[in-house]
Amino acid sequence: MNQWIEIVYVVASVMFILGIKMMGNADTARKGNLLSAWAMLLAVVVTLWNQEVISFGWIAVGIFIGAVIGVVAAKRVALTEMPELVALFNGFGGLASLLVGWAEVKSTGNLTSLASISILLTVWIGSVTFIGSKVAYLKLSGKMPGRSIAFPGMKWLNIFIALAIIASGVIWMTMGIGIAFYITLGLALILGFLAVIPIGGGDMPVVISLLNSCSGLAACAAGFVIVNNVLIVAGCLVGTSGLILTVIMCKAMNRTLSNVLFGGFSVASSKTGAIVEGEMKGITPEDAYYVLEAAQQVVVVPGYGMAVAQAQHAAKELGEILEANGTEVRYCIHPVAGRMPGHMNVLLAEADVPYEQLHEMDDVNPTMEMVDVAIVIGANDVVNPSAADDETSPIYGMPIINTHEAKTVFVLKRGKGAGFSGLENSLFFRENTRMIYGDAKATLTALIAAFKG
Amino acid sequence: MKLFAVKEQESRAALTPVSAKKFIDKGIEVAIESGLGEQSSFPDTAYTQVGATIQSREEGIKIADIVIRVLAPSVDEVSLMKKGAWHVSLLNPWANADVLAALAQQGINAVSLEMMPRTTLAQKMDVISSQANLAGYMSVVKATDYFSGILPMMMTPAGTLSPAKVFVLGIGVAGLQAIATAKRLGARVTAFDVREEALEQAESLGAKALRIDLGETGSTDQGYAKQLTPEQIAKQQEAQAAVCIDSDIVITTAKVFGRKPPILIKKEVVAQMKAGSVIADLAAEGGGNVEGVVADEVVTTENGVTLLGYHKFENFVSRDASSMFASNIEHFFNHFWDKETSTWLANTQIQLQSEEQDDILKGCLITTGGAIVHEQFKA
Amino acid sequence: MSIYLLLVFTLAAFLGFELIAKVPSQLHTPLMSGSNAISGITLVGALFATGSIEGWGGSYATWLGLAAVILATINVVGGYLVTDRMLGMFKKKDS
Amino acid sequence: MNQWIEIVYVVASVMFILGIKMMGNADTARKGNLLSAWAMLLAVVVTLWNQEVISFGWIAVGIFIGAVIGVVAAKRVALTEMPELVALFNGFGGLASLLVGWAEVKSTGNLTSLASISILLTVWIGSVTFIGSKVAYLKLSGKMPGRSIAFPGMKWLNIFIALAIIASGVIWMTMGIGIAFYITLGLALILGFLAVIPIGGGDMPVVISLLNSCSGLAACAAGFVIVNNVLIVAGCLVGTSGLILTVIMCKAMNRTLSNVLFGGFSVASSKTGAIVEGEMKGITPEDAYYVLEAAQQVVVVPGYGMAVAQAQHAAKELGEILEANGTEVRYCIHPVAGRMPGHMNVLLAEADVPYEQLHEMDDVNPTMEMVDVAIVIGANDVVNPSAADDETSPIYGMPIINTHEAKTVFVLKRGKGAGFSGLENSLFFRENTRMIYGDAKATLTALIAAFKG
Amino acid sequence: MSIYLLLVFTLAAFLGFELIAKVPSQLHTPLMSGSNAISGITLVGALFATGSIEGWGGSYATWLGLAAVILATINVVGGYLVTDRMLGMFKKKDS
Amino acid sequence: MKLFAVKEQESRAALTPVSAKKFIDKGIEVAIESGLGEQSSFPDTAYTQVGATIQSREEGIKIADIVIRVLAPSVDEVSLMKKGAWHVSLLNPWANADVLAALAQQGINAVSLEMMPRTTLAQKMDVISSQANLAGYMSVVKATDYFSGILPMMMTPAGTLSPAKVFVLGIGVAGLQAIATAKRLGARVTAFDVREEALEQAESLGAKALRIDLGETGSTDQGYAKQLTPEQIAKQQEAQAAVCIDSDIVITTAKVFGRKPPILIKKEVVAQMKAGSVIADLAAEGGGNVEGVVADEVVTTENGVTLLGYHKFENFVSRDASSMFASNIEHFFNHFWDKETSTWLANTQIQLQSEEQDDILKGCLITTGGAIVHEQFKA
């Protein structure tokens, strides 16, 4: 009997695998979700056949209540509130895992060390997931201020709590002191709270994705607790694929994960506002891809470097791919870009960029703040903000393309070479600028490759 | 076998040193009239170097088995020819009844190159196509030269110059090449033709096709356009007028095979065009597609529009035009050349019954055996 | 035994990494939501916790289990439905 | 103790996984191979610690002999003979698995049914792998004729033997009759032989790859026999990844797997040589990719369809990608291609195809037999072989581009539309022609995408 | 127990499918050869078969095992070496 | 403030209706000489429509605070001007010492547009660049017109025409645009310049750069080329000769700021070129880069090479040339325009000490306060 249940668990696991795979592709996503829902049903139903499960009353009650709440919440929620609902659900999942671990403590007398470790992990991860998701929910729904909340020394406090959690966990495990269990649980809840409040509302989607990964791991840990394959497989799948997804989402926001998670602390400690001069930050074409993929509005600013690299065809192709991806692409041509009047026109005409996509500086500049990504292809002087804000600059007074006002700027150039007028360009040092080093054609080809991958 | 190439009153030649060499390599004796390639950058020495001889026109015509030239001969010249000799050239058979008669009377096998069938196989002998192609190219170069602005777009420190608007009317071979050339120079090109498939062809070169619903139209089975009904013409002209007025350069290429070309652009339309704009009319020879155009002249209207009525735009690129013309004739010759026996089979071909005759020969042979044999020109 | 669990865990982890390669950005949220629903698999664990004592009476563990069942069910049912709604809209937008 | 051995097995499994992944990429392939070699060493060494392994004498002898032979063979082999050596090694692997299964039969008295089934699978797969590899080796090394060897009725004989194998296996398992075990083994060997001899020498690489996959499965089955994780994981990895690789290799030869495996039979039964008129065979851009990826020489023949689709930029890009992949690419332009003289020149110049890559028909035709793939982009009349061989055709006598003489022809067109002269084109029906339907630009973009994927 | 083997098998099978995506054609042969070497993992099985009886004496099974050890070792050692040679040449050709 | 635009003896105008409107919108009174834009497709009515008035030349010059025109004024015209008035135009200051003297004497603030600094900031006022750009374009159009073949490659049924070979000597603004235009038309372009960075720029337009090792060269800090040593010139000419002889079209653009242009192509080289080929010399005005070229004329050599010595190729696209010229002047004006107070600050600027003066003004102001103030032309 139990053998067959296990086999069905294997089948369900396979369905989960296929479901997740299908959800990564727009055409099959919905089917994938359905498939994984069926897998869930299968796993649940077959569990009820298990000999260990002998009473169904409370289960029925629980499932009924949960299902009603779930259905109502899912049907009622407004489109705009979906992200916070997901956060809330996720928190429930984490809490459920926590409770499973806790229940195991209560119901089983003698725990093996594997079981104890698993229980601790379940409780810890479950708590963090639960509280973190709850905070994320509150922040997103506006019931708690969305901004980063932090205080000096927070980092040290967190480290202290983390150590305390481990300590009390070890005490519980080795000495079997019951109270230590509750202490570790409580401390994990506090840590979860402290970890998430310093993160700003804008970063919440990434945090939710990470917490989602955590809730998967919690389920996985619960699987170790009750020695159940389907929990391990499904939980672990969610844990790792969720982690990858989190990284991808970070990249799409041109952030790193640690930047998202711990950025809040540093802002809290050093409040010295506007960034004046920083360092030139490089980015790989692969990472730049994620940002472009998520962009709604892109402006391409070609310059002499595009001509040198003969990258016009590649630029056009990238433009086409972006458009096919639903992005609005405009080419903004500065009157003095290149080395002869109309240099860029010759090249872009050769690459067959439609006349309608070519824009003059004065048309594009007013809308620059709406632009998600400005791609500067081998241009330099014509996007040098010093012309606008540095009176001592020899090009002060020349109108430039205000790419620095775009949300993100990608600058494609080979190295630290200056432009025609030999000036340092402060654009390259801005917070929202990323340099993609290398010959412009090679870089564009790499970007295109990333899209087609 | 003797071949003689006659010097023309225009800048093209029917024989180039390259094609002369190919004839000579086949064992043909080639003679040319002195100065044959002078205007198309081929000096006499270039011909003699490959083994051609120089002969006076009279002498050359008298002894030749094949006379080749660009245009139709005079009646006098025909009378010098040997009976049974071949004459290969453009003949303009609709307008040269006297010459046809003379050719028939003299017993000449006269080939009219304009009657070459428009089949895939005959394309390499088709001078109408090869010359129209160059004319289309040159019409844009000439118009660009006369236009007071530039064609490409330029975003410069001194302001943005938008691309010039070019309108091509009639999308045959010449029209297509005109589209291609104007596009290359960076202009925005709109094109119109009464044939639907021609519009698709224009689009295949990146032009915008002007689609006007004209009802039933068509082309002859030879691929040439049919004449339109008056209502169709009116409707068409209205739609065109709007585009014309908006354009900087207009190229018209609508010839109708053997008839007077249709008027596509009226005086009133020209009068509304911008100063500095240019119209090149490739049909000017037959009367023109544009009212006011004067064949072989450049006129400027009161409102500053330049009308180019050059007879043959291809003559401005005489070197390449001659090369193509000569190559077409050579391919025609090769079509009947039997490599194994090194003989020319055209003479045997014309003895055959009409059904058995080669389609190409049937299409372009006008006179033979003392009579006009071509269906269209039989008296 | 525990080794097998470890091996299964390892293989599943690799699979998880391999499965998600380049997800278009529009799918980020649905994918997150959908895999969140999967993480409700902990429901299976909750069932064991709740159903292992006979009758309506309940120990401490049963109550914990019951809570877990409710919460996990919300996560599962709500999660799948919300994801499906999102993907449904997505379809419409595209076509 | 044993626990740690198992953990090391898990580590080795992970190393195998990473090793295989790295071998799929040119930059990391060598490192990947090394990693997997280390994993193997680890697995072997740790096995010797196992309590079940109590005597090392014969093991040392065996390993010594095997290692010497392996090293000498691997070092001595000429470059050209590597494929057959791999086949030989593969056969040894299969045979080894077979022997492991057999030994288990001899050493263990009472077999569980799982063990029995596993043993049978080990023996069957091992036999087929062994004999199949041996035959492949003999064919490749010329010690056996490379051509397909078959006789009528062979198919039925094979089916009969297969049934007999299963029958004797079941008899052995259920009734424990020892002789039945040897019968099933012997029959499996015969079947392996019969399955491979009808396959021609040219298809051997694919067969070896498939047998390689089989030897992985044999090892996996052996893993079930002795209940060993690392055998199961490593064997299964080889089994499935080898299968995928086999499919990929088939695609690169523009064949299907069943065509390779069972093609030999049909050739034997119907000997009606030259194909005159067949059907138009479609192919997807994805499958075409595999063929192009493996091509050394490509000729691109553009026609009016390329102009209509405005696919010149995409054509140029595909050309560039192929060149980057080490393929020699030439564009061959027929004088009457398109709808005006020089139509193709205008378009290719616009797309910036270098002058040096444009070739005339007369230059390319004599070399056409050396061309691996001719890509016909929206051309029709100019590649119609009727012009050369059908005297009744209206275009008889026109010189054409002899794409039909290329090893493979891809024709990109939207449907069954005729060309300008309205003729049926026999090229499309040839054995070596594959149609890629769809707008030429979309098709080329898909091909490019496949390359960049 | 056997269920675990099955689960491990299933997961490994999926991993195998996912791992090999688009292999450049030059790598086909080395990859085949390299994974062929891996399939020599059956050597581990052969070790059990050979080493389970004490001393130099040997049963029928030992002899089978010994043969298996020799063959599997050839496969492993030769396989890895040949693959490495192939990949070595490949490097040279490219640079 | 009053602005007057003088009609020129050539086809360009220093004011267009568009730029006139911009001045008028600033509150400037604009007057033009009748017929100002006649030759550049701008009728008088176009100016009056935007609010300009028509005045006689004499009257206009007399009352204007700013006189603008394309070329230098005559001494007589200068004498009519108000003291302290501005004169903005090309002055050719190296050749017009008398005019400079007159301007100084009259107390005029005279701006020589050719002295505009070649900085990024001044580029929008730089007429040398804007006109050279059009000249480069037009040189190719003219050469294409005269060439006896076509530029693009064509693989046709009548044989393959290889792309024409174009050689551009001197890769300044004009040379670059010539390269771009010839490339567009499908030619194979080789380019040469003594400046290494110019070669890279040519390549950025898809041309092949001819690299000759000449040793030390350079450009002035203004971006203009320095004169070469005799040995350098010899070496360079040898390498160039080979390319020239192989070319169908040659464009030379090497002017050296304020001096006679270097001879880049000798008679012997021209004599070896193919019949039907064309040389366009953009430096013809100052004597030419090509031996045998005659300023403002088209000559054909004995061996059939056409030499185009047009004075100013940009004049053939007078509409766009005028637009750019006018826009450059307008930008110059704007540079000193204070939007808030609606005043022109150039008058205050010239009162300043040299160190404090605007770089652009310092660069191009020749006379002020009764004296020649520009370093280069101070007596």
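A few notes on this one:
A, B, C, D, E and F are the chain letters, set down in written order, and residue numbers restart from 1 in every chain.
By our rule, contacts are C-beta pairs under 8 Å (C-beta built on N, C-alpha and C of every residue); 3 or more make two chains touch, one makes a residue touch a chain.
What you are looking at is a predicted structure, and each value in this text was computed from that prediction instead of being measured.
Fewest steps needed to get from chain D to chain F, stepping only to touching chains, is 1. Here B-D and C-D are compared, and the pair linked by more C-beta contacts is B-D.
Homomeric contact chain B/chain F: same residue numbering on both sides for over half of the interface positions.
Each chain gets one centre point, the mean of its Cα atoms, and the points for chain D and chain E are 20 Å apart.
Averaged C-alpha coordinates put the centre of chain A at 40 Å from the centre of chain E.
The geometric centre of chain E is 77 Å away from that of chain F, both derived from CA atoms.
Touching two or more other chains at once are residues 123-124, 129-130, 133, 152, 154, 156-159, 161, 184, 186, 206 of chain B. Listed for chain E are residues 4, 7-8, 11-12, 14-15, 19, each touching two or more other chains. Residues of chain D found to touch two or more other chains are 13, 17, 229, 233, 335-336, 341-342, 346, 349-350, 352, 453. Pairwise chain contacts in this structure: A-B, A-C, A-D, A-E, A-F, B-D, B-F, C-D, C-E, D-E, D-F. Note for the complex: chain A touches chain D at residues 313, 316-317, 350-352, 448-449, 451-453. For chain E in complex with chain C, the residues that touch the partner chain are 4, 7-8, 11-12, 14-15, 18-19. On the chain B side of its complex with chain F, the touching residues are 40-43, 123-124, 126, 129-130, 133-134, 137-138, 141-142, 144-145, 147-150, 152, 154, 156-159, 161, 181, 184-186, 274-276, 304, 316-320, 323-325, 327-328, 331.
Contacts from chain A toward chain F in the complex involve residues 304, 307-308, 310, 335-336, 338-343, 346-347, 349-350, 381, 394-398, 420-421. Of all residues in chain F, those touching chain A in their complex are 119-121, 123-124, 129-130, 133, 136, 173, 176-177, 180, 183-184, 200-201, 203-206.
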